[in-house]
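Common to both upcoming complexes is subunit A, partnered first by subunit B, then by subunit C.
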Partner chain A sequence: MRLRRSRGILAVAAAVALLAAACGGEEQPRQEGQDGDLSGGALRIQMESFVFECNFDPTCEFVSYALMMQTNSFLRPLMNYRHVADDPGLEILPDLAADMPEISEDGLTYTFTLKDGVMFGPPVNREITSQDVAYAFQRMASQQQGNPYTYYYEGVVEGFELQKSPAEDIEISGIETPDDKTISITLANAVPDILFRLAMPATAPIPQEVASCFPQSGEYGRFVISSGAYMFEGSEDLDISSCESMEPIAGYEPDRTLNLVRNPNYDPATDNPEMRSNNPDRFELSVNTNVDDIFNKIVAGEADSSPDDPPAKFLRQFADDRERLPINPVDVLWYIGMNLTQAPFDDIHVRKAVNLAIDKDGLLRAAGGSLVGGVATHILPPTMGGPEAEDYDPYATSGFAGDADLAKEEMAQSAYDTDGDGICDAPECSGILHISRNEAPWTEFNPIIEDNLEAIGIELETREIEGGVAYELVSTTSENVPIASHAGWGKDWPDASTFFEALFTSGAIQAGAGVNNNVGLVGITSEINEERELGIEGNLGDIPSVDVHIEECIAMELGQARIDCFNEVDRTLMEEVVPYVPYRWDLESHLISENIAKWEFDQNAGEMSFAHIAVAS
Partner chain B sequence: MTQIAADPIAPEPHAPDFDAVPGAQVKGRSPWQLFWSRFRKDRVALVGLAFLALLVLIALTAPLIADLVGHDPNDRFQREMTDEFGLPKGPNGEFWFGADQVGRDVFVRVAYGARTSLMVALFATGVALGIGTVLGMVAGYRGGWVDTAVSRTVDIILSMPVLLFAIGIVAACSTTAEGCLGGLVKPGLPLVVFVISVFSWPYVARIVRGQTLSIREKEFIEASRSMGAGGGRIMFREVLPNLMAPIIVYGTLLIPTNVLFEASLSFLGLGVPQQIPSWGRMIADGGALFDVAWWLMLFPGLFLLATTLAFNLVGDGLRDALDPRTQA
Partner chain C sequence: MTQYIIRRLMWVVLVLLMITLIAYVIFFVMPPVDPARAFAGKRPTPELIETLRHQFGLDQPFYVQYGRFVQRLFLGDEYGWPGFGFSYATRSPVREELFQRAVITIQLGAGAAVVWLLVGIPIGIVSGIKRGTLVDRAAMGFALFGVSAPVFWLGLMFLFIFWQKLGIAAGTGYVALSENPVEWFGHMIMPWIVLALLFAAFYARMVRGSLIETMGQDYIRTARAKGLSERRVVVKHGLRASLTPIVTLFGIDFGTLLGGAIITETVFNMPGLGTYVVQSVFRGDLPATMGVVVLGALAVTVMSLVVDIVYAYLDPRVRYT
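This part shows the complex of A and B:
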């Protein structure tokens, strides 16, 4: 998941670890009375922008806040989580499925029985069937969608292949629906984390009668039909008699407002109260481009929370108040990504020099200091990689401040430094497009990054643009962006594979706007470029690949050996591929209003938990 | 007649000098002396001029100032001048105007900001004056379709929503390194100067055209024509010198508008790149922290205010001094 918030501890002092431990499972004081008293009210959320990179269309939407909303309140995939903090929030449980699946003897076929009485919301108003789940997979396989999830299922689910046909015409041999309540999924080979993959909101049931009218990525986002406890406000007014008659549902106005109200067809008896409390009557999201105003409103009680990081002055104001400023650890990495096909980053010495030059401590300070996270020294956050990985720092510099001398030594080995003095001086060293974001703290990162790289002769042309636009731009292969610092990445589910498959396998590289998360283009070849019509223009020779290594790790059973395997991939990437400068592992801090009667955090999504939060009413 | 035609400052007959010592012989003064004695009496304009002189000095010696203080404008002193939350610290003995969010010296950046403001405003105004004068003069003198074409162009540009246009252009042209039109349009200093010039020349053209229309009817112009001078020669040798007064005055009054224009563009993030200090950008970046770091907005804001005010005062003073119909 691409996240705006992230987590990570490591290099930060014990104080933070203490904070994290204290915050972890702590519940906010409840109101007197039983759970019923927490029910009702409206949760008002303001954000600087929705940052939805696929317009909330579950088949392609990648942004963590959207994923949280969809898994918590809107949709019900076969499997799901409890949406609470820490380890209990990372356990996989059946949601649409009545129970854990039956697994065949060879371990390759998973058969699920759907619960009774789970219905699509208005205006579809019918019971969900296994064909609706199969259809979700068909939509992911349809190339009209330009879908970033394909690699999670290609080569995993038998017969799942990206095809140019419309979803309705696609047949996936590994998915069978013998009757309305049964679905069996056959894997191409053993994939130990398959249940996690079946908890992605993209696999949640989709009504074909509505979605078939919207084959392009993102189009369905304004028409999403609920399978969960809440729906878009105004869903009942959608006229589904024909494709032409469907008007976008009023409750979601892109870049402006998004309102969720209760789905009248939702039956709590079909649900697990550990997974969903469904307290508020309404969720009201709105865009407020003035971040300062958002948090002033939260302090004043005119808004309740925001997914945006609180600006430093609010962190300072509430530094000791864990009730108004809860802090949760989360698995997120913020990084600077370099495109291995674009000069001068097609030279590993340059990429290593960049790693040595960047003042990571400065970037952390500019972002708000230790309350927002710790310096990242490699890719996999230590919360996922375990204690062995904690001290690994292949580009160590004193105080994490970067070291121009060390960087120059590395640069001197590059052909782009024609006179070997440690300063990049070839023509490719200047005028390099650098994509960043036009909000704090990126506006404070840019002086640091530009300065650090200027010291080794790399002159950037920084463009500060809006977050969603930045993601779309950099994640489009044909744009050939050489370097970008706008992005963060969080796990898609509680397994290290989610930090590697989407980011570093050649299989993940897809054509289309905003769908490629392997922005370094690790593993790319000219054959792949032509075959998938990626539009890459650059140096495609000898790009290193970690495909085989990652595949090996993915095939391993869940457990320490699997984690060790991924730690090794991390090392290989950091030392032999060097696609990133990782700079921060996040702590997730939220500023919440006094209206919030109960705070809860969704550990899997890395965001506030819509499923359990409660507002005073 | 000859004297008046050659006199670039005051095309009208001079008023008698009432300051001459009574009884002394009346000495003829040159037009410049007359202008200066009138200007000199405008105390407020003199203060403005003094400030501008100081500003030019600061702008010219900014690197020297940086050397003396010991901080370059882009040197970051994060560990010394920002707290553990990344919030900047205020004015102290070493950082007279405090520091910004990445620990840069605000005093030095304000000094360099003077360069940016003056350079951009003067250059863009110069270009606008050049284009506006030529087009306005040709339109006023020639009349006919030339006048129509220029006047309609002026009308169109003056009715455009300038900032919206600027926002649109920069947004559209900032997603690739080359920008638009094969590298001609991309965020940065040249674009700022271009945008300001394009939207400023119509003001000049209008005024110049008006003045040209009245000058062209004068007898000395007719005399030149009857002596066989061609249109171009008349425009540049006879009309233009008589335009100098209004050009100087309006140019001076246009500069503060353009200083603010550059500041606005920078405020919106459309101006010069962040390594080049700009008062507008400093004000924008400081806005969110106004309640915890007042120095970020106050100092660039004060300088911007003072500069704009000084130019306006000087411009008013020039206009009063150059136009003999007003009593000094």
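This part shows the complex of A and C:
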């Protein structure tokens, strides 16, 4: 056992070393001798689809690539990040705010002073005021704007409530703008990670004279006025004399092209060069429906990069070339979720046995190997849990390959193993519905998972379905899905609360089709089931809860103590609750052209960094 | 004839209604996921889903939704006539996007049609006339290859050979004719050929078979007996009769293509109706999907009407009844 553990630790260390090596290679200035001037040129991005979910409208957009573009290049919220890799990329800094906020003695009121000289781009051409920031919050509070993360602010910012009124009619008592340069935000309760919430693009200033013409969700997307270093090409031609006169800005054609050019009103003196280098003159994004062709073009130098995953042949071709194929961890966990109310997973020994049985290395290889991820040994990804959590693996097996013998030892303690031989032999152990996706790599995962669990007597009936259908089905409490391997989860900002609050608190368990992210139903009780009309049919007795523990962590100030607290929650979940089999922490591989003079990765967004990338002019 | 066309146009409307109803039931009544859920983020609240359902019009009973769809289609909506509503994904009018993309698909389909007619018919004629010769065998070998080779494979091979390896083709993408005619042609030529190969091969086989059958008819023997030159017999008597089935086939094929050459557009990254419908289906963008279905159905039904009219013109035995 000790030997296995040691090997496990060595393997983790190797994986971490690989990650570190990958992280170390993300910035490669390959144009030395150019007097350090990397500005100019056009960055050409091709992607299979823009995948924007709300048409790039900052009030409701939530796709990570759009969030990266907006926070890197297009918008300036009060707070922001450096847009670089690793820990420096996770530090929160003032952006539109001149400095860090003044915090009242009770810790509830945050007062920001806006920088001078930050202007909206054409055709608005005026200085940004505190009312523009307040208006962004009003838009979020307007239900018809369809912001998907209002829960970050509801019950947090005093008086922030979703309302059916248009944004212009909404008043938020906790937001005051005593003058054009000052905005104070009063919280209902102390929320230590509030500054992260104020870095979301939906909080960036929005000019009411334009945006009020677009009261519905996503309508503003083709008319977004820049507050950052770049704007839609053709923004200056937008006629804002009336709502009727406005035609979509030419630089953004949904599902085809999105061109960003320099915003003439942007003053670099108002910005922090650590946050933005703003090297290319243009960003040219276009849709290419042929994924192979995208990467052929990158290899040929006709395109520079893509947010799409490179097909396997390109990964193989550039596997050892970190200059052309930089790799970064992206703080995304992939897991097998077990429903604590459904037999046989209502027995913790079964859940632990499943953790010991799963061949995580096999799943990783099926997904593409070490270029696409590292084996996950617990819930929090390494960049969030810190070095203290790196070696933690409560279900260590040799080479992460799973260990049927250890799993049987655990299973023997279960009530579902009636004769104690380590095999789940009760009737509940067969015909168990397992939801997965009908696309690679899940279709490759399923035989591995089925075989691994069959070795301990658990017979799965796998249903491979489309990803969206799988999410909706598993996230509907009344469907009572026992086990599912379709899902992953990524952070919203660099704090573990964005994992644990959404995934493991009883408050996150909601009725309705596809709205429950706590698929393990951690913390569920009969009362909650009845009150919220969840329709759960199963064993609701003695389901463990981590609500109090998570609340304690959330209330702690940012810093090591908070990280330690969440690491402790991670351990509790892994050892005393066991709703998941974590199997992969994602790595992001980007194939880039030789035209890229400087590569950078935005650790917060989990995407390439528009703020610092440079191309050969 | 006018009465005939009016009557057929009424049929077109009826067929369109039937198709839209079936498509509407498939896409709106039986979708595997709630489209509003797909656009509501990773932690959707019931309120947000409800808001989006309302904005998408999905909170109404099916018959109301369909009624509005038909109303918009025939009477127009706030974005113009005919009305196709707005896209869930882009929150923009579907109509504008459809028409822009239809232009590209028409260019692709029309160009390919010219190629396949110019290639397929002569090959079929030569093969039919030179039946059993080496020329015939070579032509039918080509036909077999064209029919058998999957379009996506052909497309990828063309790209690999002519763009990637030889560097003599323009690669994928689309450049508007008005922007740069030379680049437009450069980007269109490979898709035209790839798309046309399948049809050319099929048409060659059809023409050959039809011509062989026609050339065996009594009136052809009579024409020869009258002393007409073989060329005149073939062109004036043989071809006219043997090409009439091709007209029917062409009409349907061309109409179908106008609904979107999905594979060719995808492989060559052409922003036409084919790629639009693929993106729409994957994203649950139902109005966009319906828009393409309507345009596709319209193209096929209208082309059928055109074929019937032309057919009657070519074959005097057919009357407008």
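Criterion: the second predicted complex is superposed on the first by the 361 of 617 C-alpha atoms of A that agree within 3 Å, B and C clash if a C-alpha of one lies under 4 Å from a C-alpha of the other, contacts with A are read in each partner's own complex, and residues count from 1 in each chain.
Methods note: contacts are C-beta pairs under 8 Å (C-beta built on N, C-alpha and C of every residue); 3 or more make two chains touch, one makes a residue touch a chain.
Note that the structure is a prediction, hence the values are computed from the model and not measured.
**Student:** With the two structures laid over each other on chain A, which partner does A:311 touch: subunit B (first), subunit C (second), both, or neither?
**Tutor:** Once the two structures are laid over each other on A, A:311 reaches subunit B alone.
**Student:** What is the contact status of A:57 with respect to subunit B (first) and subunit C (second): first, second, both, or neither?
**Tutor:** The answer is second: A:57 touches subunit C but not subunit B.
**Student:** Return the chain, subunit B or subunit C, that is in touch with more residues of subunit A.
**Tutor:** Partner with more touched residues of subunit A: C.
**Student:** By the touch definition at the top of the document, which applies to A:162: first (subunit B), second (subunit C), both, or neither?
**Tutor:** A:162 contacts subunit C only, not subunit B.
**Student:** Looking at A:128 after the superposition, I want to know if it touches subunit B, subunit C, both of them or none. Which is it: first, second, both, neither?
**Tutor:** neither
**Student:** After lining up the shared chain so the two structures overlap, which partner does A:260 touch, if you call subunit B first and subunit C second: first, second, both or neither?
**Tutor:** A:260 contacts neither subunit B nor subunit C.
**Student:** Mind working out whether A:292 is in touch with subunit B, subunit C, both or neither, as first, second, both or neither?
**Tutor:** both
**Student:** Just subunit B (first), just subunit C (second), both, or neither: which does A:469 touch?
**Tutor:** In the superposition, A:469 touches subunit B and subunit C alike.
**Student:** Now for A:49: first (subunit B), second (subunit C), both, or neither, which partner does it touch?
**Tutor:** In the superposed model, A:49 contacts subunit C only, not subunit B.
**Student:** What part of subunit A is shared between its subunit B contacts and its subunit C contacts?
**Tutor:** 292, 465, 469.
**Student:** Write out the stretch or stretches of subunit B touching subunit A in their complex.
**Tutor:** The contact residues of subunit B facing subunit A are 74, 76, 78-79, 82-87, 101-102, 104, 171, 174-177, 186-187, 269, 273-275, 285, 287-289, 291-292.
**Student:** What part of subunit A is in contact with subunit B in the complex they form?
**Tutor:** 291-292, 311-313, 315-316, 319, 362, 365-371, 431-433, 438, 440-441, 443-444, 446-448, 450-451, 461-465, 469, 473, 479
**Student:** Once bound in the complex, which stretches of subunit C touch subunit A?
**Tutor:** 32-34, 37-49, 51-52, 55, 87, 89-92, 97, 156, 159, 164, 171-173, 265-269, 271, 275-276, 278-279, 282-284
**Student:** What residues on subunit A touch subunit C, complex-wise?
**Tutor:** These residues of subunit A touch subunit C: 49, 52-55, 57, 62, 143-144, 146-151, 162, 216-219, 221-222, 248, 254-256, 286-290, 292-293, 296-297, 300, 302, 465-466, 468-469, 471-472, 489, 502, 508, 510-515, 517.
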